[in-house]
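In the two complexes below, chain A is the common chain; its partner is chain B in one and chain C in the other.
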Partner chain A sequence: MSRKKVSVWSDNRFWQRSATWVTGFASLLLIWLTFDTMGQISMGNQKDIDNHVVKRVPSATVINYKVEYNMNNHRGHEVPVIGGDDGKGNSLFKVKEKFFGRDDYSQKEADALLHLGKLASQAKNCMDCHTLLGNGAYYAPDLTKAWLDPAWGKNGPMQAMTGKSTKEEAMAEFLQHPGKYPTHARMMPNLGITPKEAVGLVAFLKHMATIDTNGFPRGFGKIKEGVVYAKTK
Partner chain B sequence: MQRQNNFKYESQKLGSWYFTVAVILFGAQLVLGLVSAIQFIYPSFLYDILDFSITRMIHINALVVWMVYAMIGSVYYLLPDETGIETVGIGMGKLLFWILTLAVTVVVLVYIFIQVGPATQATIWLITEGREYIEAPRWADIGIVVVVLGFLANTFLTALKGRRTGIMTVILSDMIALAGLYLAGMYFTDNISMDQYWWWWVIHLWVEATWEVMVGALAAYALIKVVDAKREIVEMWLWIEVAMLFGSGILGLGHHYFWIGTPEYWWEIGALFSALEPMPLIGMFVHVLYDWGKEKGLKENSGVDTSSNNTPALLWLISNGFGNFLGAGVWGFFHTLPQVNIYTHGTQFTAAHGHLAFFGAYATILTAMFYMGIQGKYGIKKLRATFASKMAIFLITFGVLGMTVALTIAGYEQVLIARAQLGATWDAFFVAQNQLWMSQAMDWRLIMGIVTTVGFFYLVKDLLTISKSPKNVYK
Partner chain C sequence: MIETFTDINYSFFGLLNQGPLTLSLFLHLLVVLPMFWIYFQEKKRLESEN
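And now, the complex of A and B:
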């Protein structure tokens, strides 16, 4: 029995070729975009800060600077502001801030601290309770901008609770002895974090707060009631 | 009437070994899930002994590993059927099975008894990599790659020697991508944005691309076996699905790049392509029902027995079509647009989607494969659903749907209160956690988790005893 030529729409070869072409095209586009993204998210260095170059992931030496999270007029959402705000939500890269009593960490020292902190964040499985950049588990607060949380700032209940006089010391103390400072029935476990690792972790948190996350989380620490809760609890 | 070991090929026997370990790990996933659910309600439960970070990690790792086991098992199981010959390196295949199983056991024991380590590379190599979902230490990563390479060699050599079907072609190319992508997970960098960029290559390109294609291929094989669907039609659908799954899934990766430090253009790319991701899932759903109805109609017309060859497998296959579309498609689409995701990212909303999607897309089809393994093992011509088969599918599906609804409500509450109203701080988080709506949702999640676990016991009972059911028809 001779059969008429089958329609292309019910031809397996046609669909096999289509699948191959579509997959190939999507993969190539992804690879191309990956190259572009790699360039944009590579970590900056102190020279960038000196030259006022805005990096999406800035140098580890941002720990020497004051960090804020302010509305940027041009972009229409909050962005990390490093070393002072020009009034429009752009970084001035000028205003310094002491971090464990110093604001002159060299590139090498800052890199080493960040390295230690990032390693510690993995060795202690932070992501299996917290979210980092919004990814992780939903058992404990998001840490993306934890450095800027009013609760850890001056007059914040977390800083007061630890009896320390700076944000970084309070955070480091909490990380080493979380069982001593319950903030909720759901307590952070004691993970054997050493004083050195705690400093590294705080540097890691401060650095993470300076990553340009396209406005995530929206309105972080800016909403009055959220902060009032923090103060009156 | 039970008959032992009717497997014609050693490869199918090896497949059944993988299925057995998969079922055990499925059980471990549920137990650790229940412990984690209890910890949400009673946070002091096992505090500083087996913390949430550990129980939740094992809950999800057990899930991933049982699914990988079941997929490898499925491929070994269908390989002789598709190629017409015994798997070439079957001895090596068996050795690799024992190596992998030993490695998984050691990793789990280290997770439970050592848990965390100091901030050194030694911890990353020996205890945990601490990257969500792929926490396995580096030594185990290398072991997994070696085992998977052996598995790939086995399947390739067998497929080259034997018959080459469309289903096999899809599985082979998919396996290469699946194995290659795992390499992106073996990587340490101080730059967390870079870290998460590549981390998503493993997570997303596995579960939203290569795993989905694997499901399409397994569903194609199952349809041929269970309802006598015509191979040419099934394989045509499979190619269309591959085109649509990879066409949307590969660049759909962009929906994970909205907020991790990556450029804004991912908003548009991620939104567009991930919004298309449900399309192939609708196609797959329609395909299963269409083929089932069509084959039944054809048989009816020619006066042949219209029942399927394996009713439990068919039931799970239908729940796959439905669950994949609902869990991965609808629940995924809910929060995939950046305008929504800026508030839902990192909330229980994601957990709701995760529960229904993994169940609907993967647990269902892999359970269908377990039943096909039982059918093959005992040489049953027509495997009929028992009371336990029906209880298993009903309770597990109802339980997972219940957990999903509970977590969705928890997610809504969290999105509105912690995110929109209070601005995502530490206190905003706990204010939302303390709300009655959250605690009620967490109670219901635990109750529905228990329902799911009861269903799992029925499933195990059924897998162990269904071969003895007098309703089965033997050759």
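And now, the complex of A and C:
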């Protein structure tokens, strides 16, 4: 029997079945990915910290701990290190750090503070200019790891400029009166942030810096040339 | 092409995403390969119909 020449490419059924397969597969894939992601981004709690369980999104109570961004050789990039480094870029969950004079925020208090910060960041529309975890604009600096920015550290210019002696106080002061502290050609407008909101926002920023973003942004805070240091007397 | 898995949470997609384009190549293979099967099935059907 000789085979007839047929055109599968111009056959309707071939395309119908292909489209059904691709659409169906893509839908199932998206549903699977959604559940896969939900497991990965679920927020931890203080028990995880007590048990030294590393979560991608740690408990809000990390505001009680010292936060660094160090190289982890196993992971091959920098990771948020909470409460001290074991020397290999792993969190020890031990070293505390005062946050507005306290390092004993309870789960409830820390959650409430973070919630206030999140609401304030949405109400003031930070993302209009800034980027948070990859979402937003690049008109103003990326805030994902803002807490770790050396400009706010002991040797950075921001504490001297705002006249505050801690990172969190300097940030809160700047957020309330951005017009007073010209840091950028693109100056931040005064958004009417209240002192309470400012504390919440700084807690929100500190917590965001502890979220494991698989090393993004790479080498953050290590490019010292990118920071204009205040001249000390 | 596929390196040691180092991400915090173990994930099937994370495992496939350890090298350049590995996740993309895998998913495209999954989408395209069954289309060959559909193609030959339809070809057979058309040949037997005519």
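Methods note: the second predicted complex is superposed on the first by the 219 of 233 C-alpha atoms of A that agree within 3 Å, B and C clash if a C-alpha of one lies under 4 Å from a C-alpha of the other, contacts with A are read in each partner's own complex, and residues count from 1 in each chain.
The rule we apply is simple: a residue touches a chain if its C-beta (ideal position, glycine included) is under 8 Å from a C-beta of that chain, and two chains touch if they have at least 3 such contacts.
This is a predicted model, so every value here is computed, not measured.
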As a test of reading the superposition: which chain, chain B or chain C, is in touch with more residues of chain A?
B
Looking at the overlay, what does A:Gln107 touch: chain B (first), chain C (second), both, or neither?
neither
Figure out whether A:Met158 sits in contact with chain B (first) or chain C (second), or with both, or with neither.
first
Which partner chains sit in contact with A:Val22 here, chain B, chain C, both or neither? Use first/second/both/neither.
both
Please indicate which partner A:Leu33 is in contact with in the superposed arrangement: first for chain B, second for chain C, both, or neither.
both
Which partner chains sit in contact with A:His74 here, chain B, chain C, both or neither? Use first/second/both/neither.
second
Touching A:Val6 in the superposition: chain B (first), chain C (second), both, neither?
second
Per the contact definition in the header, classify A:Arg56: touching chain B only (first), chain C only (second), both, or neither.
both
Shared contact residues on chain A, chain B side and chain C side combined as an intersection?
11, 18, 22, 26, 29, 33, 36, 40, 56, 212, 214
Touching residues (chain side chain A, partner chain C) in the complex
3-4, 6-8, 11, 13-14, 17-18, 21-22, 25-26, 29, 33, 36, 39-40, 54-56, 74-76, 212, 214
Inside the complex, what are the residues of chain A that reach chain B?
10-12, 15-16, 18-19, 22-23, 26-27, 29-30, 33-34, 36-38, 40-43, 56-57, 60, 111, 114-129, 131-142, 144-146, 149-152, 158, 179, 183-187, 189-192, 194, 197, 200, 204, 208, 211-223, 225-227, 229-230, 233
Residues on chain B engaged by chain A in the complex (per definition of touch)
39-40, 43-44, 47-48, 51-54, 56-57, 115-121, 123-124, 127-132, 135, 166, 169, 188-197, 232, 235-236, 239-240, 242-243, 246-247, 250-251, 253, 256-267, 269, 342-343, 345-348, 350-351, 414, 419, 421-431, 433
Chain A partner contacts - residues on chain C that touch it in the complex
6-9, 11-13, 27, 30-31, 34-35, 38-39, 42-43, 45-47, 50
